[in-house]
Structures are given as structure tokens and as C-alpha cells.
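Okay, so chain A shows up in both of these, paired with chain B first and chain C after.
== the complex of A and B ==
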């Protein structure tokens, strides 16, 4: 039997911090054979990117491999001389990055970047051009010759993504590492990218290491799944068996915190607490998941070795016996909601916001070169108090434009927005009225929060230029922290000291400061880990119960939409093509675009979700 | 000023009429503008010469000085920036930083004096006054001495002129090189953290190519922006440097004019300065368009 393409043996990576050491990756063992796909699943901080750094020999100076080996085609990669390592990186092992738009050098043409790379691979000038064109054709870019003369900013995100795939496969590598390559994409595009990667993989019989935080996606596209937590392997097995019969409590928790697109509505049970990192790991003995584990017992502080389960291919690092059946939901959780509650079947009340025939054009160029592009066309809808409405559609369909127009960040060119039956204008007083009722939660809490302000001052920022006593402001900050489930101790902290989920809570808390009637949320959970996402989703449901706020949710994740919203608007090329309750729209889509969207999401879901 | 102290009110009136000072201010300005369009910037109050001839004879000196200063400053800034970044984990970087801080903390006219004292007077390795050795005869063709000496096929004279220009342009260059190095260094740092550098490295491209091709082309853009801002400073710097080194450029013309309250000359020189700054800005902007495909989209 040929040796596996990649085989990692008891790999540990050690971080040195001021004389103290922590194993960021601990005792990692797995192997990957030719033509196979292995998905590495884990939340941020699980050590997935550390793994790619080891493979690429790009560890920062304060980290080193303290134990174990990485065998590539039977040779120990870590022991090879630097020159040979470089020969392997970029030739035998290639990468597909997460964000294609920023992964290409903006001041070089596509052609230059291809030919530079091929020259490095030692290809002569004549062959380079031909090879490039074939590679581009492989990824479905027909007009290769003209594409090569262009710069990255002249291409769309999809084209850049394809180019990155072409670049990764052009050297016919033995191993391709996809680092969250589809995370930011909607289901339709995600499917497109995945099938491209698959096609290229088949053609060259490449092994693919697919890194993702989405466990269902992982299971749908790979033969094997490896679940990581805090630098350790928690579960490893065939996709089918891991997805349908997860054995590790962490994997089970991951499955429970992910909304499903089909089946009956179920409350999400988010994992409490956070993943230990850095110095916390040092004090931790035994299982790294124990602090958040429902089944944790005294034995868990002992050193735990991964062990094989009965079917011989399923590896679990946990003490619980396989007979511990997997229970999809536990009724004893205090924070459960009824479907009635969650989906806002609260009886209808009069809508407070009406949007009628909103249209908007983007005008580019001047004078003769002036051109108009329709961004919104006759968009009409209403919102009632306490109603959660979702807007779905692919990127460029006008979702974000609609949100910005509603918020007043962009001017509309036609139509009218009525707030409490009064048309909204653009004067100063109208603006006050608007922001009193409507608030926006921005997508990325990392960039939306001023890094120089404390949590308390961020959340009560709207009170800044009005007559409030500092004590009132402090009180409001505490109330808001309570509302968004943030520990009061965090109020004097700066955003840099918060975790991703906490930041998003602050972000939401800030928009709640004046208790608006409507929150506009633009993809607020798309960048978050599954367990944090579940926390935020439940938070939104709880906020509705407390403040009766409405929500306009913009999302590309249909499962999230189904979990939260009672009505969904499907947008396509600036128009609302379909609307209705998510159950109905997703089960029997009418418009062709909705059909592709729903189908794509279903197949990304892969196998039937766990019941 | 143009009249003897005992001049009568009548004489004053006549002079005012001759100089056009009896006209409203706006009209005076329009007349000046109209004459300017015909290439007539008026007469110097002090010497009675045409201002345009004064400027035309002085301009080449300043232009040569500024061009040399930009070449030396930009060259030194770029090279030191790239070197500092390339060897950022070694003492090379620290020593460059120290040199940088020294260059930055001394104003350029003081550098002019210091360089003159050390290399001109102390070590006697370089001439430090005037544009060319008075014993050399150079045929005037374009007015640009550096070009003239080359045209007349006199390499010795060319080197002589060049050595005369060396110290003053070095002093000016010391004003622009340090900031350029800093900007280049920090933008290289930023670019090295970017995703496309990571991708390029993961493609296995050699480190030298990453720095010189991928990173530098992106890092040049902010540096170029800075250059256009500094151009104004540079031209302001010529005022004192020319005076210190006895170069008859428009800087020293300006200083003399200010001393003599020679308004037409001051006006015209200020205009020339403004045009120079605008032209340098245009040039850098054009360069930016050439180097950055995203510009102007």
C-alpha cells in the first residue's frame, strides 16, 4: 500500500510566552490518502489555522513543534532541509485562501501572477500561457486570454475565487488545503465553488484538507471529518457516522447549536462559556472540553487518550462509553422557547413601518460615460411591532442597499418610507425621528466598535450629546449589559479584551440603547462560530420578548432565517421576487431563483439533519 | 521708496499714476494678470530690469538643485527603507533608524551649514560656493549648466558643476529622505501582513521576489503620495540653501527681493513657486496612475 499523502503523528505545537509554555496543538494524529478529502471542523481558536501553519512551515517565532512529526508522502516534512521544504510548499502542497479578493496582488495583472508562479515552477515561456489558459478553463473561466490582462479589482469575487482555485491546482499538487474557502459565500455560490474544487480534485487525484467551522458542510463534502477543540482532536471518523451519530459531547453540542433547514422547529441549545486559550490551557488538566461539558466528571481531569469505538474507524477523545446515547435536545435547559414564542405568532398588529415602491440606482461615471445600475426596484413591504422579517438573496441582489436605504445611510431615488404613517424625509428632525425608531447592527463587530472606547461608553454612545447625568448613563449601561447577557465586569473593558461573541453582544447592545422599534441586522451572525451564533440568535428572540422589537434580518443562511423569522423576502436583482413564511417558501419555492437558493442550501446541509 | 525723502506731494501723485497705484485694487491685479499673460511680469523696482529675465536666468539653478535633491532624497529614502525592512531583525535596521532620526531632527539649512563646514571648509573635499569654478568658461546654451557642460563636451566642467551642486542638494535631500524611509518601512510592514503576500509566499515564491516585486510595488504608492506633499517643503527649503551656498537661483532672488521690498519680483517668484509645486504634484499623480491600476477607476 502506498503511504498516505499526509500523515500527522502525535503533533504538538508549543507556544512560549514569557518563559511559560503552552501546547496550542496537542497530540494530533491523522492521515489523509490520495484523492481523499478530510474536513477539519472547529470553532475559532480550535487550532485549525495552527495546523495549516505547521504544514506551510509558517509558525511565528515564539512557537515551535515540540513533539511529533508530519509525514508528506512518507518523508518527515519537519526534518527536511529548508530548501526541500520550499520545494514542497507551493508545488506539492498548495492553498486556497479564504478571501479571494484580497489574496491577489492588486497592482499585478492576473497574467503576471500566473506566469510568475509558473516560472517559479520551472516552466518555459511558451508552455506557461497554454497551461494558464487550460487551468482557467478547468475552473470555468472561458475568456482566459482577456482575463489575464486584467487586474484583480476589475474582476468579480466569483472570478477571483475561481482564479485562486486554478492557481492552487495548476501545479498538480498532491495536497490542497482549503482554508475556510467558502465561509463568506451564500449557498448557491458555495455549491459552485465546492463542485469546482471537487472537479479539479478528481482530475488530478489530489488529496484535499478542508478547513471549516461548519460541521454539516464538512460532512457533506468529505469522506472523513475531524473535530478539533482547543488544539486537540476530539472526534475523528467517517462523515456519515460523525454527523449521524456524534459520540463526543462537543460534537453533539455543535450539532445542537446549529439551526436546521428542515424538520420541526427546535430551540437551539448554545454552549455556555468559551473555549480555553493561552494561559487557561496551562492550568487545565485532562480533557480540554471539561469546563463546558454536560457530562464532565472527576475522571475528566486525568489524561485522556483518544480511543477507537467499536466500528473501528471512529475515534473519540472522551471517557463516556458509547452506550451514552446522543440526545438531540435536553429539556432541562432553562433557556428554551416554544415555537409559538420564537416565531412571533403573537397575533397580528398594525404595521408601524411601510416601505412603498422604493427604488434606487447607482450612478457611475460622469457626463458621457455616465451609467445607471438598478440596485432596488419597486420594493414594498411592511413591518409590524415584534415581527422578525428576513431578506435573503445572493450578493449583489440589493439586500444591503435596502438596509442602508431604510436606515437612511443612502438616499433612495423613488418610493416612500412611512414610519407611523408619516413619510420619512431627510431633514434634521426627520433624521432624529428615524434613528429613534430604527437602529442598525453592523456586520463585523471587530471593525464596528471603536477600539479606544470601553464597553460601557460604546453601548451608551447615543446618550453622549444629550442631557444625561453620568449616573444615568452608568445605569443604562448596566441595564443594556443585562439585556444582551454581558457580564457587568466587562463594562470597563476595551473591545480588544472581549471575545467575538461578546463583541457582537456589545454591538447589539449599542443599537438597543434608545430602545428602537426596529433593528436592521446585516449578516450579524455570518462571521461567528456556531455556538456563538446560537447564543446571539437566542438573544435576539429574548430581546423581542422583553422589548417587542422588530428585526429586519439580512442573511444568506436559510437555516438561520427559518429559526428566527416569521416572514422572508427573497430578493433577486433588486426586486422582491417572493415572500411568505419561511416554512412555506422553503418547502415549496415558486420563483426559479428561490428554487436554486433552497436547493443549494439543502445540498450544503448534505445529509438529512439529525432528528 | 522710489522718491527722495524730500519729494513733493505732486511728484508722489505722478509716481502713483505711473505705477498704476491710483487704480482700484482689483484693476491693478487684472492689469498685472493681463501683462503676465503676455509674458511681462513688470520691472524690478530696485534694478529696473525685467522681472521675467531675472527669473528665467535664476530658474535653471533652482530646478537643477531641486531635481538633484529629489533624486538623492528619493534614492536614499527608498534604498534605506527597503534595506531597513529587509534586515529588520538585525542591527542594520537600528543603525538606519538612528541615522534617520538624526537626519530628521536637524533642519535642512542647518544641514547645509554643517555639510559646508565639514566637507567644504574642514576636509576641503568639495567646493561650496557658487555654481561653477570661476576659472572655467562654459558656453551658455540652455541655461542649465549641467546640460550645457555636457553639450559642449566638457566632462571636467560637468563634474565641477556637479560637485558644486552636491552639498546643497544633499542638504535638501536630508529633509525628504527620512520621512520617505519611515513611510516605506511602515507600508512594507503593513503589506507583509496582507493576504496576498501570504498567498504568494504559500505559492513558494522566493523571498527576494516577494519583497522587490510584490511588496515594493504596493508600498511605493503611499510613499509617492508623501513625495508630492514634500515637494512644497523642498522648494521652500531652496530659499535658505541657495543663499547659504551662493547659488543665484530663484531662492536667493526671493530673499534679495524681500530685503529690498521689491514687490514685482516677490510676486513673480511666489507665482513660480506655486507653479513648481503644482507641477510636481501633477507629476506624482501621473506616476500614481501609471503604478496603481486601481487609481482613477
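== the complex of A and C ==
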């Protein structure tokens, strides 16, 4: 029997921090055979990227492999001389990065980048060109010759992604590492990329290490799934077995914090707390998940070895085998998460916001070269107090333009927006009226939070421009921190000291400062880990009950939409092509575009397409 | 670990500041103290001439005198005392000129970077025309126009060097202005002015600080050059540049006169560089710690 392509044996990576050491990766063992796919699942901080860094020999200076070995085709990769290591990592192990636009060199043409790489592989000039064209054809880029003369900025994001896949497979590697390659994509594009990768994989019989935070995606595309938490393997097994019968409490928690696209509405149960990092790991003895585990007992502080379960291929690092069901621990929680409350009859009163036939063009160029591109075409809808409405569609369908137009950040070219039956224009007083009623939560908290302001100052920023006492501002900051579930100790912190989830809470807290009637949320959960995402989703439901706010949610994630919203608008090329309650739209889509969208999402979850 | 970063006390600030900041800061604090206490520290008045004791060497050389520790110049004035009184000009120039240039330049830079459109075109065209003049020639022209004097020196340095601040701050503002937090500030009800002052200015402040330290070095240099060509403060006010200029007349008979003012200029410029580098390093260290938290 041939040795596995990649075999990791009891791997530990140690971080030195000012004389103290802590194992960031601890006792990791798995193997991957030719042509197979292994999905590594975990939230940020789980050590997924650390693993790829070990494989690529890119560990920072203060970390080193302290124990264990990595075997590549039977050879110990870490013990090889540097030159051989480089040859293997360049030719045999390749990498598909998360952001193709950033990964390509902006000052070289696509052709030069291919040729540079192939030259490293020792290919002569004539073959290089031919190989490049075949590789491009493999990924569905027919017009290869003209593409090679272009620079990355002249291509679309999708084309760049395809080029990265072509680059990764051109050397016919034994192993391709795919690091969150589809995270930022909507379901349709995600499907396209995944099927490309699978096609190339089949052609060259490559092993693929697929790193993702989405457990259902992982299960739908790979044979095996490995769940990681805080640098340790928690569960390993065949996809079906892990997905349908998760045995580790963490895996179960992951599944429960992810909204489903079919079936009855179920409350999400987010994991509380955060993943231990750096210095916290050092103090932790035994199971690294114990502080957040519902089943944790005294035995959990002992060292826990992974053990095989009955069916021989399912590995779990846990002492107990918890049952699958969840029992609400307090009556309060049960009350909070009834479906009636979540999707209740809140949207039945008179609408306060009406958008009628909004249209918008993007105009580029001047004079003779002036060209118009339709971004929004006759978009009409209404919003009632307390109603959660979703806008779905692929990127470029005009979702964000609609949000910006409603918010007044961009000017519309036609139609009218009525707020409380009065038309909204662009004068200063109308701008005040608008921002008093409508607020926006931006997609990326890293860019939406001023790095020089503290949490308290960020959340109460709207009070800065009117007369308030500092004590009033402090009080409001504390009330907002409470409302969004943020620890009061974090109020004097800068954004750089907060975690991703905390930043998003600050981001939401700021928009709630003056308690608006409508929140426009542009993809606010798309970049977050599932457990944080679940917390934010439940937070939004709670805020609806407390403040009766409405929400216009822009999202590409249909499961999230189904969890939150009572109405969904499907946008395609600047038009609303279909609308209705999510259950109805997602189970029997009418418009062809909606069908594609729904089926793409269903296939990512491993479900049959609808007709 | 995360919270301690924002709540660091003075001791951690000092530790993180590193030796460069401490050294640079120390030299400047000494400079300011010397300038402030010049009448008390100087053994002689700066302009008292001892015509019977001209061109004395420093006290450790043959013919030196302990009354004149660093010797005397051609008119018998004590070099050490001149040096101490000369620190006053330097101390004032090193504070006021960079601050003035920073104020003018960053105001215009903020406006150009944030407002864009024709405001930016007007400001940046002005900056480019301005920068086309050789800076020393421009400064001398300005001195001629403004009449030599203390205020004019500072004004001339500001008018020559504001363009650098303007360009750099504008560039930095452009990279920040499209971030969502600017839009978020607008949605919070901020006017364009308050976006510039309370959102963009704090973000560019680290860059501004480094630029100011660099400008401190430039200001010292510019003042010395202007004194050297006799276009700075009047001959009655001692300044390091003027000392160098005067000592050049007798440089072959009394070369030691040249050393003290030159050393003083070199040390203060060096200290400004240390401040700038130190600030840059401490910033880098902060971001590095920030990354570590995320690991």
C-alpha cells in the first residue's frame, strides 16, 4: 500500500512569549490519501492557519515545531534539508489563497506570473506557454492567450480566483491546500469555485486539504472532516458520520449555532465566551473546550486522549458522549426563543417607510465617453415597524447600492422614498430626519470603527454632535454595552484590543445609540465565526423585542435570512425579481434566478435541488 | 493582556518608548533647560568683549584659560556663553517652526484629502508650485521680503516647509477617508468639519508626530543656514549658525572655534532623528502586540 500523501503525527507547535511557552497546536494527528479531500473545520483561532504554516514552512520566529512530524509521501518534511523542502512546497504542495486579488502580483501580467512560476519548476519556454493555456482551459477560461497579456486589476474577481486555481494545479501537485477559498463568496459563486476545484482534483488525482469555518460546507464536499478547537483535534471522522451524528460537544455546538435552510424553525444556541488564546491556554489543563462546555465535569481537567468510537473511523477527544438533544436550561431562555416571538406577527402594522420605483445609474466617463450603467431599476417595497426584511442576490445585483441609497449615502436618480408619509430629499434638515430614523451597520467592523476611538466613544458617537453631559454619555455607553451584550470593562478599549465578535457588537451598538426605527445591515454576519454569528443573530431578535426596530438585512446567506426575516426580496441585476416569506420563496422559487440561488445554497448544505 | 494595552501606566509607556525616545527626549529637555537658565548657567554675558583675550583656545590646550572653558572668539567673547545663549534661538525655533508648519500643512492636507474635488486641486497645485522653488533660495527670498528678525526666521521656515506636511497628510487621509468609519461618523450626525477634526485627525496623528520630529531637524538646519548667510536674527543675538559663520574667518588660526557650535547642531539634529525613529518603532511595537493578541 502506498503511504498517504500527507500524514501528520502528534504535531505540536510551541510559541515562546517572553520566556514562557505554550503549545498553540497540540498533539495533532491525521492523514490524507491520494485523491481524497479532508476538510479542517474550526473558528478563528482554532489553529487552522497554523497548520498550513507548518506545511509551508512559514512559522514565525517565535514559534517552532516542538514535537511530532509531518510526513509527505512517507518522507519527514520537517527533517529534510531546506532546498528539498522548498522544492516540495513549490511543486508538490500548492496553495489556493482566500483573496485572489491580493495574492496576484499587481505589477506583473498574468502571463508573466505563470511563466515565473513555471520557470522555477524548470520548464522550458516553449512548454510554458502551452502548459499555461491548458491550465487556463482546465478552469474554464477559454480566451487564455489574451488573458495572459492583462494585469490582475483588469480582471474580475472571479477570473482571478480561477487563475489562482489554475496556478495551484499547473504543477500537478500531490496536495493542494485551500485556505477559506470560498468564504467571501455568495452561494452561486462558491458552487462554481468548488466544482472547479473538484474537477481539477479529479483530473490530477490530487489530495485536497480544505480549510473552512463552515461545517456543513465541509461535510458536503469532502470525505473526511476534522474539527479543531484551540489548536487541538476535537473530532475526526467521515463526513456523514460527523455531520449526522456529531459526538463532541464542540461539534454539536457548532451545528446548533448554524441556522438551517430547511426544516422547522429552530432557535440557535450560541456558544458563550471565547476561544482561549496565547496565555490563557497556558493556564488551561486537560480539555481545552471545558470552559465553554455544557457537559464539563471534574474529570475534564485531566489530560484527554482522543478515542475511537464504535464504528472505528470516528475519533473524538472527549470523555463523555453527550446526547444529541438540547434542553433549555432556564425558563427565560425558552421564552426568548420561541418561533412565535422570533418570526411573530410584528410586521402587520402600517408601514412607516415606503420606497417607490427607486432607480439609480452609475455614470462613468465624461462628455462623449460618458456611459450609464443601471444599478437599480424601479425598486419598490415597504417596511413596517418591527419587520425584518432581507435582500438577497449575488454580488453586483444592487443590494449594497439599495442600502446606500436608502441611507442617503448615494443619490438616487428616480423614484421617491417616503418616511412617515413625507418624501425624503437631500437637504440638511431632511438628512437629520433621515439619520434620526434610519441607521446603518457596516459590513466590516475593522473598517467601520475608528482605530483611534475607544469603545465608549464609538458607541456614543452620535451624542458627540449635540449637547450632552459627559455623565449622560457614560451612562448611555453602559446601557448600550448592556444592550449588545458587551462587557463594561471593554468600554475604555480601542478596537484593536477587541475580538471580531466584540467589534461587530460595538458596530451594532453605535447604530442603536439613538434607537433608530430602521437598521440597515449590510452583510453584518458574513465574516464572523458561526458561534459569534449566532450570538449576533439572537442579539438582533432580542433588540427587536426591546426596541421594536425594523431591519433591512442584506445577505447572501439564505439560512441566516430564513432565521431572521419574515419577508425576503430577491434582487437580480438591479431589480426585485421575487418577494415573499422566506419559507415560500426558498421552497418553491418562481423566478429562474431565485432557483439558481436556492439550489446553490442547498447544494452547499448537501441537499437535493428544488424544481 | 488585552485590556492592559490601553490602560498602560507611565512605567510601561516608558519601557515601550525604548532608548531612542528616551535619549532624544533627554537631549531636548536638556536643551530647553539650558535655554531657560542661560543667564544663570553662562559664565559671561554673551556679548561682553574681552579684547585683550581674543582667540583663546579651550582651557585644556596650551594658552587656554579656565575663565573661558571653550576659548574665545576674535572679539574676545566667551564661546561657551555664546553657545548657551545660542540654545535659546534653537529652542524657540525647534518648537515654533515645526508646530506652525504642521498646523498650516495638516489643515490644508486634511481639507485636500477629505474634501477632494476642486479644493484638492487648488491646494495641491499651490503645493506643487511652492515645492518647485529650491527651499534655501525661497527662505532667503522670504527673509529679504520680511526683514531679518526672529519672527521672520520662524515664519520663513514655516512658509518653506508646510508643503511637506500637506502632501503627506493628504496622502494618508486619502487612504482613510473611504473607510466606513467616516460614513458612520456622518450617519452619527457629524459635520464635515467634525469628521476632519475628531475622526481623521486622531487617525493621522502618529504620522503627524513623526513628521514633526523630522521637521524639528530641518528647522534647526534651516535656522543655521540662514544665520550662516547672515539672514537670521541680528548680530546682537547669539546663534549657532552665526558662530560658525564668524569662526570661518579665523578658521586657520583658531580651528577649535568651529567645533562647539557644529557639535551642538549635530547633536540636536541627531536627537530629533532619534525621537522620530523612536516614535516609529514604538508604533510598530504596538501593532505587533496587537497582532499577538489575535494569535
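Here is the rule we use: the second predicted complex is superposed on the first by the 588 of 611 C-alpha atoms of A that agree within 3 Å, B and C clash if a C-alpha of one lies under 4 Å from a C-alpha of the other, contacts with A are read in each partner's own complex, and residues count from 1 in each chain.
Keep in mind that, in the parts below, contacts are C-beta pairs under 8 Å (C-beta built on N, C-alpha and C of every residue); 3 or more make two chains touch, one makes a residue touch a chain.
What you see is a predicted model; the values in this text were computed from it and never measured.
Q: Going by the contact rule set out at the top, does A:450 touch chain B (first), chain C (second), both, or neither?
A: Only chain C; A:450 stays clear of chain B.
Q: Contacts for A:432 in the overlay, against chain B (first) and chain C (second): which applies, first, second, both or neither?
A: Second partner only.
Q: May I ask you to decide whether A:158 touches chain B, chain C, both, or neither, giving the answer as first, second, both or neither?
A: In the superposition, A:158 touches no partner, neither chain B nor chain C.
Q: Just checking: does A:105 make contact with chain B only, chain C only, both, or neither of them? Give me first, second, both or neither.
A: first
Q: Examine A:95 and indicate which partner it touches, taking first as chain B and second as chain C; both and neither are also allowed.
A: A:95: touches chain B, not chain C.
Q: Check the contacts made with chain A and report whether chain B or chain C touches more of its residues.
A: Comparing touch counts on chain A for chain B and chain C gives C.
Q: Report for A:117: first if it touches chain B alone, second if chain C alone, otherwise both or neither.
A: A:117: touches chain B, not chain C.
Q: Quick one: is A:3 in contact with chain B, with chain C, with both, or with neither? Answer first, second, both or neither.
A: So A:3 meets neither chain B nor chain C here.
Q: In the overlay, answer first, second, both or neither for which of chain B and chain C A:415 touches.
A: neither
Q: Given the touch rule stated above, what does A:35 touch, chain B (first), chain C (second), both, or neither?
A: In the superposed model, A:35 contacts neither chain B nor chain C.
Q: So chain A touches chain B in one structure and chain C in the other; where do those two contact lists coincide?
A: none
Q: Give every residue of chain C touching chain A within the complex, in rising order.
A: Residue positions touching the partner: 1-3, 5-7, 179-181, 183-191, 194, 198-199, 202-203, 205, 287, 290, 292-295.
Q: Spell out the residues on chain A that touch chain B in their complex, using ranges where they run on.
A: 56, 58, 86-87, 89-91, 94-95, 97-99, 102-109, 116-117, 120, 151, 153-154, 164, 167
Q: Looking at the complex, which residues from chain A come into contact with chain C?
A: Per the stated touch rule, the residues are 15, 17, 24, 45, 277-279, 407, 409, 432, 435, 439-440, 442-444, 447-454, 461-462, 464-466, 489-490, 492-494, 496-498, 510-511, 513.
Q: Touching chain A in the complex: which residues of chain B?
A: Residues 194-196, 198-206, 209, 213-214, 217-218, 221, 291-294, 297.
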